[in-house]
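Each of the next two complexes has subunit A plus one more chain, namely subunit B in the first and subunit C in the second.
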Partner chain A sequence: MKTKSGSVSIGIICSCAILSKYLVILPEYMVKLVGNAAWLDVFAKCAIASISLLFVLWLYKPFAPMCLSETFSLACGEGGKIFFSYIYVISLTIFNALLLRLLVEALGTVMATTAPDEFFALFILVPVFVAAYSGTRATINLSAIIFPLLVVTIITVVLALIPHYRVENLFPILGTSTKNLMRGIFVKHFGFPETILLFFFAPMLENYKNIKRAGLLTFLIVALISVSFTLAYCLTVPYPASKNFFLPFYQMTRMIKSGAFLQRLEPIVVFVWTSFVMCSMSILISTSASLLSGSREREKKSAFVPVITIITFFVSMLPSSEGSAFYLYEKLLSYSTFLFPTLPVIILTIARIRRKAAKK
Partner chain B sequence: MKKLSIMLVLILLLGGCGYGKDVENQAFVVAVGIDKGKSFPVKATFVFADPNGGGSGGGGEEKPSTPKPDTVTVEAPTVFSALRKIDSIKSKTLNMSHIKIVVFSDEIAKEGIRDYLSGFASSRDFRPNTYVCVSQGDAEKYLKKVKPSHETFIEKYYDNIMSKVAHDKVNEAYLYYLYFNVMEDFSGSLVPLVGINKNEIDKPSSDVSDMYDDFSYEARAGEIVRDAQNPTEVLGCAVFRNDKMIDTLGSFKTDLARIICNEYYPRNYSIAYPTKKEFVTIRLIQKRSPVIDGTVKNGKAHIKVEVPLSIEYIDAGKIENHKNKSAQFCAFLEKTLDREAKELIKDAQSSYRADVLGLGEAVKHQFIDVSAWKKFDWEKKFSNAQIDVSFNVMYADFEEAN
Partner chain C sequence: MYMKLKDLFIYKYTSRETFSIENADESSSFQVQKNHGGPTLCGNFKKDCNTLCEEFSFGKSGDVKKREFTVQIGEKEHSAVLFFIDGLVNKQLINDFILKPLMLKSRELNISSFRGVGEILLSQSEYKETNVIGELCFDLNFGSAIMLIDGAKKAYSLDVKGWQHRGVDSPQTERIIRGPNDAFSEQLRENTALIRHLIRNKSLMCREYKIGTISQTPVSVMYIENVANASLVKETMRRIESIKVDYIFAAAELEQFLEDKSVTTLPQFLSTERPDRASRALLDGRVVIIVDGSPFVLILPTSIFELNESAEDNYLRYPYVNMIRAIRWIAFFLSLLLPGLYVAVVSFHTELLPTGILMSIISSREQVPFPPLIEIIIMEISLEIIREASIRVPEASGSTLSIVGALILGQAAVSAGIVSPILIIIVSITAIGSFATPNYYLGLSARILRFLYIFLGAVAGFLGIVAGLFVNILLWTDTKSMGMPMGVPFAPITKKGVPTALFVPPVWKQNERDDYVNPKRKERQSFISRKWRG
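Up next is the complex of A and B:
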């Protein structure tokens, strides 16, 4: 994957992983704190995350194209590698499980209220397991096929909503209060922990230039989709109604009525949600399996895939309700900056220092 | 082994059949009426679509049967509780996804409709584009009296008649937009008014002598002097302050409000000109949006609204050489519209005390965040705001304008 297309594929899968949670819980999550300035909040968060990515890339440059897990051992020895790998595996699995639960609840609400959550979870996990078991490359290729369809769908929804846009909804421009906006941007994180995938896939990209290109592409896609969609949400649903708007993506799609034939497009949302989350979950499970096995070879890591899938299923069923799953997810998001960029920055700095010391 | 695993995966897909919904097993609600009950707080009326309406049964010569929508009225603590009771009456499964209209009685509307709207908006059964209106009198009576003469299916009638009011513009005739408005701390809404006619052509029950032309025509639903098969009509609107109905607007004031809100659709008007007994018929067109400029000086809001309008002559009446007299006629229209708009704004500021024209949006721009806007307290400041509305009427025809 040393070509440009390799960078694009990795960029797409990282975007899928980041955006999957966005489409399920956001922009409602942002609006609760900052109101109609949620789009500004998302824009600022994307900008800050991009700057932090560039900083991590700069720290990582001397180690390129080494897998990030190898830098764990450079920084803290083999014990450190195992410790940090476990931290990432546990965090990514919990994120995955809670996202699965939120998706299951959302699908249950919009499709079949009487269907048990376990049924939906299993239904989603079967293809996720197959994709993760088939290997990272298979999932990356699959998401490269699905992603353009998803982008077209989101663009269609955003464009079809144009008659519903009211520019007045964006004012007062700084939302609920300037203090809240600042708190939203700098304190209440909508983390981008999945960006870490880029550094785990680095050996596939073979050189620093390709890694940087994939990283920038990831943030370009994430920023474009998340900011435009949040802006569309703020333009369509005024504050304060927007803070109580359950499943915003679904509800917004329901509002589309462009003539007698272009309406009732909400089943598309189910497809978008499920596809995004399936791609994201497959790649996270596959990466977790790689970290546990310490190898990127399919034969070695595939043994861990069923174990992680089963753990994901059981963890997803732990929260007693959708509310508690959302609460836990929100709490986790608050600490997500620890996974990226805090931990990579610490590890890479130590690795650089130790490397310099070893050279001397 | 591979075949077995594929089969096992495919077995999972069979689960999808378990939630199949056959059309013939469903009862589609097309309209909901909400009145105040006697035994329970709510009296809800549900109009069900007749799936056989208009079908000839494939008999060739056989006349199409008249659709007979089934109506069920239930008293219950809430609308959703009423729906549960309907389950005991109807054998088919209720399907709310095709509801076209929700009618609130004026009595319920005066008490407040926030709770109803919140319930409907958060329920995925009610579609965002469902029309909402207020009936003059009982909603149940209105729904039972509706007798469409052109449409085979009653749902089509509701769709057609309400789309004439809403015109696919973003306004409070739709469930979600009314809900958005009602959720705000201080808002005003204009909701379409429906009613049963009481002014038969030979014996009008209300005085219509003042309504000599379309600019002074302030009739509400139920007040049109007419004779028609369908006794129901949609005309005028109910004025809401937050979630409570406080008054009604007549036909022309409603049009005027829609013009200022940029939600207007072109209509023909017969205007008494130059005397009260001579009429000129024009088509009033709004090609450009009104320019609304809001500023705040010394804690007082100043709003300037400039409304550009175009007219086309349908019938120049007795005006001789009307092309040369265009400026004079336009000035007359501007003066009349200015006077009516001032009256409407005066009512909004003093009697309704509700920003029904959404002019607060123009002032909102001046504030940096919601807390500053709340501190300004638009609810109190609206009554004292300086609002100037001016109309600029021009001929749509370029040749005539010159």
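Up next is the complex of A and C:
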């Protein structure tokens, strides 16, 4: 039976990877940058990221549907392939580890238990490991089931918060200042490094048209969810309280009054979100394992999955506190534009030049 | 030394057992599976008679019967012998349509050659002439009478099947309110006929196989040639042809030989006892496997979502189907997760409940000496015991058992303070939920996994349940049914399958077959199926 992955499935998994961090920290992080205009900032960033994706896609067109790691070798030879693959593996693993740590801290708070962080981290990593070990296709299938649950949850939260919306919270509409907003949009990039996954999954999509469709779908989903959620956050929580609002998704859910029977829905919502983040983590581990096996020219990537999972666990436990994990994550995000689109643009440009030269 | 110690603990076949198995392998029945090749009759009547006596175990097996008589062909009297197995044949047919014509009419009609035996004297609808011993052995064991006439080049295999069997009955496990009430029986040919009766089309194919080197169980693979995906049919046949086993008696056994993944609780084929459901599956491009002796047939491939569909869904109007399907899914998830969620809420997430309900739960648990985990495990195991016992007890005692089990024991457990009343409600809803699951295997799957969720809920609350569900859904969506992912049409997403799976349209709007089965013929009906509307 023919079962290729469609552009919708790939679009969903890329959106999962991008949005997972968003639900942990993004609205709060954005408000710190630009104040009430965070939703405008997110919208502008999505637009910029979409344009940069289109540019990268244009550069990538002659190589479609080749895996991006193959273009590394076209551009810089086998050494380059290994080098750039390692860069991506290391950065994706660090992102994953910090996300795990933030999730673990969040769960510890939600469950109000005295269990150590390691317990939660292991409890999350075991299913993540199983998913990553089962392969990319299995994780893609899984995310196709989990993603609609998250979308329904977010829509429910956004709609259920309507009684708490205060339009005056949005003013001044340009946030703390126009200068800050412009700085936030154009200088302090909030990257979408996980977009790179699209180019690693390209062989599954079979042709350029499908790759482009999956990319545009990814950004459509990301833009819709992130803008609507940030807008809901800005409408609900007034500035400057929104600057220091721990676990925005969790706190917003706490505000919902859901009647006498289920007086506090937040544990349910938080665990839908946890499964979503687990999906994202497993796809990142699975992709890292693919990159490693590709660079080492090994057929079986599953051998790398336990190694990456163990490293993720230990790296996640390195920050001394939640605050330091958050700080590190923010710092990494500030430089994440290097992973996408800067590095792919450089590599693809070199590959195109070398290809033209070889043709002549 | 090591070998001797190992022998003490590890069971091995004795030489005698090995011998008997090997003999069976080399016997003529094994040859039958290899396209009926193997040794043949030599043409000498006496020698052939002896060979057949030996092959048919005449004298050793009490039910193998032999009848000697003479037939007049031309002017000459020819000796003849008839072998059959008592109980497998209809003796009336043998007397009236074999012995009487051959012994009496051959003299009246004055038959001149052996050709006349088949063309004039034997009025069987099905008979064949062959000299392959393996083929004769198989036919004899499948209810045919084998006849040998002195001077004839080949032996006659005459179809006189007539064993006792259950007729077409109403379904026991798939009862519906509207729709036909026929069910498959243990007879392969009757089952194929029930399907042919519903699909009167020349494209309906029925490929025959014999599985089991000893049992030689007949198996039919049915499909519609211009609808079913050729690669699906080919793959099914490849898997069936590759099975090497001594015996097989039921579709449930064959299912395990054909499935893609054994490490999962999920059934990978749909089994049904309803000919209408099997026929509908065939018309949708699926393959149906019928095993002789089994009243259940296998439909393949299938998806998780189809496992929770009932045969009745096809006979109800679409608003009812959509509502009932939603209720079935709710029932399934309740039966899977409710006890685990109870443990998680009581142990970790008490803030989820309003104070009034929480106080009521706490006060009801005050007398209970066990933690929630032990309390619920006691109740769930008791329920499983009652359920298992109710299957085995005679029908007349069934109601007594359920009264004793459900009412008296439950009430007594609450009064004795062993379990809390709220738990009785939880366990009852769980049990009722599992009965609402139409597929027996899917229900069993929920019964097994429920214990896992109880444990996970007790260890890590909702996080544990989420982790369990994550792995569970992963394994389910990663499972394949004849190569087709079982999570379709959602995982992977198929273009036209998702809307139909979410909302069943009216019958006149179901224009296309399921795209994930990839049938040769996509359209089920005309785009405008109700032309009377203009």
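Keep this in mind: the second predicted complex is superposed on the first by the 343 of 360 C-alpha atoms of A that agree within 3 Å, B and C clash if a C-alpha of one lies under 4 Å from a C-alpha of the other, contacts with A are read in each partner's own complex, and residues count from 1 in each chain.
By our rule, a contact is a pair of C-beta atoms (placed from the backbone, for glycine too) under 8 Å apart; a residue touches a chain by one contact, two chains touch by 3 or more.
Just so it is clear, the model here is predicted, and its values are computed rather than measured.
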Should A:51 be classified as contacting the first partner (subunit B), the second (subunit C), both, or neither? neither
Going by the contact rule set out at the top, does A:159 touch subunit B (first), subunit C (second), both, or neither? neither
Check the residue A:239 against both partner chains and state whether it touches subunit B (first), subunit C (second), both, or neither. first
If you stack the two complexes on chain A, which partner ends up touching A:175: first (subunit B), second (subunit C), both, or neither? first
Now for A:274: first (subunit B), second (subunit C), both, or neither, which partner does it touch? second
Please work out whether A:9 is in contact with subunit B alone, subunit C alone, both, or neither, and reply first, second, both or neither. second
Quick check on the superposed pair: does A:126 touch subunit B, subunit C, both, or neither? Answer first, second, both or neither. both
Is A:142 touching anything from subunit B or subunit C once the two structures are fitted on A? First, second, both or neither. second
Doubly contacted subunit A residues - partners subunit C and subunit B: 111, 119, 123, 126, 130, 263
Across the complex, what residues on subunit A touch subunit C? 1-3, 5-6, 8-9, 12, 107, 111, 113, 119-120, 123-124, 126-127, 130-131, 134-135, 137-142, 144-146, 260-265, 267-268, 270-272, 274-275, 278-279
Using the touch definition from the top, list the residues of subunit B that touch subunit A in their complex. 9, 12, 15, 19, 122, 124, 127-129, 168, 170, 176, 179-180, 183-185, 358, 361, 364-365, 367-373
Taking the complex as given, what residues does subunit C use to touch subunit A? 229, 231-232, 301, 348-349, 351-354, 356-357, 460-467, 469-471, 473-475, 477-478, 480, 482-485, 487, 490-495, 518
Subunit A contacts subunit B in the complex at 35-37, 109-112, 114-115, 119, 122-123, 126, 130, 163-164, 166, 168, 171-178, 181, 237-241, 244, 246, 251, 254-255, 257, 263
